Amino acid sequence: MIRTEELLLNVGPQHPSTHGVFRIIVKLDGEVITEATPVIGYLHRGTEKLAENLTYTQVIPYTDRMDYVSAMTNNYVLCHAVETLMDLEIPERAEFLRLIVMELQRIASHLVWWGTYLLDIGAMSPFLYAFREREMIVNMFNELCGARLTYFYMRVGGVKWDAPEGWIDKVRDFIPYMREKLDEYEQLVSGNEIFLARVKGVGTYDAQSAIDFGLSGANLRSTGVKFDLRKDQPYSIYDRFDFDVPVQTAGDCYARYLVRFEEIKQSLRILEQAVEQFPEDGQIMAKVPRVIRPPEGEVYTRIESPRGEIGCHIVSKKKPQPYRLKFRRPSFVNLQILPKLLVGETMTNLVTILGGIDIVLGEVDG
Amino acid sequence: MKGIVKGMGVTLKNLTKKKVTHQYPDVPLEMPDRFRGVQHFDPEKCIVCNQCMNICPTDCIDLIGKKNPDPEKKGKVIDTYDINFEICILCDLCTEVCPTEAIVMTNNFELATYSRDDLFKNMEWLNDNNTNVRKENSINIPPKKAKKEEK
Amino acid sequence: MSDQKQVTEMDPKESKKNIENIEEEVTEEPSPNQDRLDRIVELIKTNIAEDAIEVAFINELDRDLPCIVIRSPYWVKTAMLLKESELLKLNYLRNVSGIDFETHFEVVYYLLSMSTGNQLDVCIKVKADRENPSIPSITSVWNTANWNEREIYDLLGVQFPGHPNLKRIMMPDDWEGHPLRKDYEPIDPEV
Amino acid sequence: MNLLQDLTFSSFMWFLSGAVVLLAVVLGFVTYAIYFERKVIGWIQLRKGPNRVGPLGLFQTVADVLKLLLKEDTIPRNADRFLFILAPVIAFVPAFVVLATIPYTSLLQFADLNVGLLYYFALSSISTIGILLGGWASNNKYSLLGGMRSAAQMISYEVPLVMSVVGVVLLSGSLSLNTIVEGQAGGFWQWNILPQFVGFIIFIIAAVSELNRTPFDLPEAESELVAGYHVEYSGFRFAFFMLAEYVYVYAIAALTTVLFLGGWHSPLPFLDFIPAIVWFILKFLSIVFFLFWIRATLPRIRVDHLMSLGWKVLLPLALVNIFVTTIVIELIKYFK
């Protein structure tokens, strides 16, 4: 008599494919998952609590550490929220610098995603190739603001540093280089039959459930919902640039892959225009009082981070410190759909689906 | 099969390409001027205004001032100045607020030690850390002036 | 140039979609969203109850965002209405925040419509008293609320009756207290 | 062959020293195969590869092995001790034993069995039992999954592997590896790879799968099962598994050379002045390089795809290949 039992497997918190300290308890029937329970909080640093005792400027370096793969957009969302509260007008040159670093950051972040995703799927080399290109962006950031990961570049009212001499030219040169490399990536991976078999039709959900679960970014756009905050609720100076919002309709891992891949190309397009229109001269900081005391009130700003809609909700009591600071962290929200997707899939697909959602644990746990 | 063959071609091409890695500890890494490394502290310049201590988001700076030993001069001089690099995040805010550039960033970044105790750096250590000091230092430079320097 | 820019910054979607005529001086004129707010208030009042709404106002600091404070007993029904009504179709819950105001708790929901095209936000607030705070869960309406409510329960201690799995999410299960409360004192200050 | 017939003490010593020499050669190969693999993959990934220990990092593997030998030997408390210890041995021994039948040149061969090919396949599948045992005995869920995958993979791929070489056997009319090579003399157009191209492709795919290497490294898939069947192994027991894997790389590369690439024969007759062993090594190394190359390029295949590929594509193809080969051979015979 054969006795079969369900296997309770504890994937993580230390596991090569959970992209950090994420734990998911799966019940396995053979290799098929019958139940999945995510457990998070291993990286919870209490940013929101810490922020209540810090001034707005002091909070910005903490946001670097939330989504550490895309620190620039985190910087921006906080600054943008405070600026909205204070009704500040940002100098043109600062806006351009912000936009350029944010788009570079989007490319860098998607490159990290691309590399690690293929590493999850089992291909080693793409990771190294992606990091070669990311390294160039990181070096540019290093030159601009003196750090390679936690940039702390933006301030309320502008940016800390002006672009050093020749920096804009470096960005300009990077665009055709990156385009060429994207072609290489496409040849290396996008047509690979093994890869396609791994991602097509895996982790499918429809637009209805994507909206219901509050997904954003590529996770939402892969289901055919054409919603990109840069276009639909523009912030910064995105309305001046011409770019498309890539959309796929299949809603599977491959669709998400294609959306992100296309987003890199669109970011390059934006960069191309931004570099051309970059103002010759100008201030990089608005006139901001030394102690930032936004008026009493409440604001919620949201921008399109590489992972989706990152939001910042500030409750201000006219003090230098925020009364309550809450971040809408896209990875945290996007991850909620995971248990639903995993049921009935194999262990192998767990890795593919989790990688496809593109989470950063620093952001999930806040 | 076609996709696989294409991919194989890409990797084969890369086999002979120039390598991009650094021989790191053998060949030191050159950081750009703005790089935020371990601070250099100059006790001579410090006026004990406590701004760096107050702005520090992680409270990693501890300083104590004393009365100026020279009775003719007013104000305070620095007595002890410690930075705890266990929690310092090298965010640059202390150098940004410093009115006299007594604390400045350097390009030195190697902080790894075998003991956490070694990460407490006192005034002497910070004063001796005077190589690769950053040239362009404070946001207090008025933007217009900064622009001129750039050009 | 600068004038025009200010307008785009103030209310980009307005200028783009041309729903309303652009008001340059928002502070003096009634807000462009006032009439939208009135419509929502009207809808809730007719369909739910006359006293479902505590107060409704325009948050001028936040790009004239319509804000409605709902009394918590009516919240689930109102949520269903907001999501289902043909007029609004607020099917996307973008953010849930919990705030400790020391006198009371407030949970703020930012809603958005993905299907009606005029993607305008609405902000809904629900209050809970300081002793024994409790707000009905809306996980059954928007799945997004699931983890967000857990997070608020974990960090602020607001109960969400009706939630399928109201457990701590960030802190360990045996953690004492709710860290984001203003009067929170850690048991061991070193941790 | 005389050695086998009368086993005296001196012939036994010869025999033993031969085995020791082979072991030394194999260990030397494994040492530098690992080095070579890391270098090749490093180069492909725009890195330099190992370059610290010794000149050009040549002693890197030696240092690694030393480290493994010095490491604490841990056995999980709830593991099945006996099987846990036995598993690496079972995995390694067949890997070494199969090498006996490989003909390097017409003279250099340890045992010319007339069922050499059969011997190879029969023994090599025993290694999978070692992997399965190791996965089960560790009492770890990841390694259990790895072991299960390994067993499933072995069953699905052993069949097409054997079927794919039947065509070669039909062509040369023998199971002896030596005879198979002899049949491919006289230039590259005589090599089995041309008439048996389909067989060759199936053989390569199935062989990589048998090796448990990327893209078929499911039993140890590090991004899913952490390290699969050898999660709990450390120190020299882990080294044994590694050793077994690389010895199989050696064996499969040698076997491919023998079966499809004409063994020690030169590709063009006028190149015959180059010693036979050089040709063998060249062909052998290009196969080894190919294995490393695909490891650096391809993503991992999925378990269910692996099964369907094995049963639904490779096996029918192999059968068709046998069928067509037989018909062609018979037709040629008929018209001669």
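Order as written gives the chain letters A, B, C and D; numbering starts at 1 within each chain.
The working rule: a residue touches a chain if its C-beta (ideal position, glycine included) is under 8 Å from a C-beta of that chain, and two chains touch if they have at least 3 such contacts.
Everything numeric in this text was worked out from a predicted model, so none of it was measured.
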Whose Cα centre is nearest the centre of all Cα atoms in view?
A
Contact tally winner between A-B and A-C is A-C
Can you compute the centre-to-centre distance for chain A and chain B, using the mean CA position of each chain? Integer Å is fine.
27
Nearest whole angstrom, what separates the Cα centre of chain B from the Cα centre of chain C?
42
Find the geometric centre of each of chain A and chain C from their Cα atoms only, then give the gap between the two centres in Å, rounded to an integer.
24
Determine the centre-to-centre distance between chain C and chain D, using the mean Cα coordinates as centres, and give it in whole Å.
63
Touching two or more other chains - residue numbers and ranges from chain D
44-47, 296-298
Interface hub residues of chain A, defined as touching at least two other chains:
125, 129, 132, 188-189, 192, 194-195
Chain B residues counted as touching two or more neighbouring chains
4, 7, 10-11, 14, 20
Chain-level touch network, classified as line, ring, star, complete or other
other
If I apply the definition of touch given earlier, which pairs of chains qualify?
A-B, A-C, A-D, B-D
Within their complex, state which residues of chain A touch chain B.
54, 57-59, 61-62, 125, 129, 132, 135, 142-147, 150, 152, 160-162, 164-165, 184, 187-196, 281, 283-285
Which residues of chain D touch chain A in the complex?
41, 44-47, 141-142, 144-145, 148-149, 214-215, 217, 221-226, 295-305
Footprint of chain D on chain A - complex, ascending
7, 9, 15-17, 28, 31, 118-125, 128-129, 132, 188-189, 192, 194-195, 197-198, 346-351
Touching residues on chain C, where the partner in the complex is chain A
2, 5-6, 8-9, 12-13, 16, 59, 61-63, 65, 91-95, 97-100, 108, 110, 114, 119, 121, 123, 142-144, 146-148, 151, 155, 168-172, 179-180
Which stretch or stretches of chain A touch chain C in the complex?
40-41, 44, 46, 48-49, 84-85, 87, 89, 209, 211-214, 216, 225, 227, 232-235, 239, 295, 297-302, 309, 311, 313, 315, 323-324, 326, 328, 332-333, 335-337, 365-366
